[in-house]
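Just below is one structure, and these are the notes that go with it.
Read from first to last, the chains carry the letters A, B, C and D; within each, the first residue is number 1.
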Amino acid sequence: MTQPPHDPHAGHGTMVPRTKEEIENIVKRLKRIEGQVRGVQKMVEDNRYCIDILVQISAIQAALRQVGMQLLERHANHCVAKAIREGSGEESLRELMNVIKQFSK
Amino acid sequence: MTQPPHDPHAGHGTMVPRTKEEIENIVKRLKRIEGQVRGVQKMVEDNRYCIDILVQISAIQAALRQVGMQLLERHANHCVAKAIREGSGEESLRELMNVIKQFSK
Amino acid sequence: MTQPPHDPHAGHGTMVPRTKEEIENIVKRLKRIEGQVRGVQKMVEDNRYCIDILVQISAIQAALRQVGMQLLERHANHCVAKAIREGSGEESLRELMNVIKQFSK
Amino acid sequence: MTQPPHDPHAGHGTMVPRTKEEIENIVKRLKRIEGQVRGVQKMVEDNRYCIDILVQISAIQAALRQVGMQLLERHANHCVAKAIREGSGEESLRELMNVIKQFSK
């Protein structure tokens, strides 16, 4: 697998590239989250009531958790599954477990 | 309770307005989070490796949790404490517990 | 720390004692959780499949979270509310926030 | 895969049986958790202060999370890794992801 020198995931595990549709779907969700974070900045600057701000932050956390879980599952089902079929499954599994531990902190 | 029409927290509980320093501190943290979310969008578009993206998302979650906890504590120590002193403590406490339940979901 | 022998919460904040019904309800839930933990021990000893054990542990965590939230809400609605009415609300609020921070770790 | 009729994990994925030491270590942790749950029952019956009970519950949750994570990692490193080597890795991975989703709820 000769890769171009500036390959963005050189040195990393097996990856099934995202399709255009997948990228658009995830970026759309992230843009919405970005907008929510900006909205919270405005609320803070406008001295809006703390509870209303906290409700917004809790909504952003839920949205981030959801997009994180979506990416995690997609990675497992596509990339790790491919690694398993191609003989580097144990390495991909180790990476997966490390990131899951990161999330559980 | 007749309040001016554009009062930012009309109909809400007692609030000790944020100082300029408090606002700057929180907005700075939120801008950093916004930048991190934008960074993740770029990583997704560049088809960067899933695990690297997930590590970033986990960092954003930690940063959001931290700013949320900071706002929650400040609200309790300042606004709810003031409400208690001024006779509307039980109402402020109910609001506080509702938002805490929201977070624990 | 010489305390009157049977004052169960000497040195602590305001508390509305649990009724007989409340005690029975909570103890019943805790006994069920205790039974679930014992069940998991048996599963481990019988070399039962890890995934089945993990599903059980996840169920115990959910049950504990529920009983914890029930106690937290009851404490806020009864004990902290009483402290607010009796003039020690700020102290009770501080205690409440400390335990909430403990849970969010 | 003809298995004896009372095999404890019939119909399940690959499993590397726990050693005697592993069983003892996990059971010891679970017995401690069981004791903590019983201690909380006693605290509730004795009408002990809510905050003290909540601190205990938070400690039990942390202990359960730890033993859960220990079992999850051991399952990934031993059982799923073995399944990968033996050709049923994708199935084991699916099970693993399902239980991880269960925990993240």
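Basically, a residue touches a chain if its C-beta (ideal position, glycine included) is under 8 Å from a C-beta of that chain, and two chains touch if they have at least 3 such contacts.
Please read these numbers as outputs of a predicted model, since none were measured by experiment.
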item	value
Farthest chain relative to chain A (centres taken as mean CA coordinates)	C
Inter-chain centre distance, chain A versus chain B - centres from mean C-alpha coordinates, in Å	22
Length of the line joining the C-alpha centres of chain B and chain C, rounded to whole Å	27
Centroid spacing, where centroids are CA-atom means, of chain A and chain C in whole angstrom	34
For chain B, residues contacting two or more additional chains	65, 72, 96, 103
Touching chain combinations (by label order)	A-B, A-D, B-C, C-D
Residues on chain D engaged by chain C in the complex (per definition of touch)	8-9, 12-13, 15, 17-18, 23, 26-27, 30-31, 33-34, 37-38, 40-41, 44-55, 57-58, 60-62, 64-65, 67-68, 71-72, 74-75, 79, 95-96, 98-99, 102-103, 105
Complex contacts: residues of chain D adjacent to chain A	65, 69, 72-73, 76-77, 80-81, 84-85, 89-90, 93-94, 96-97, 100-101, 103-104
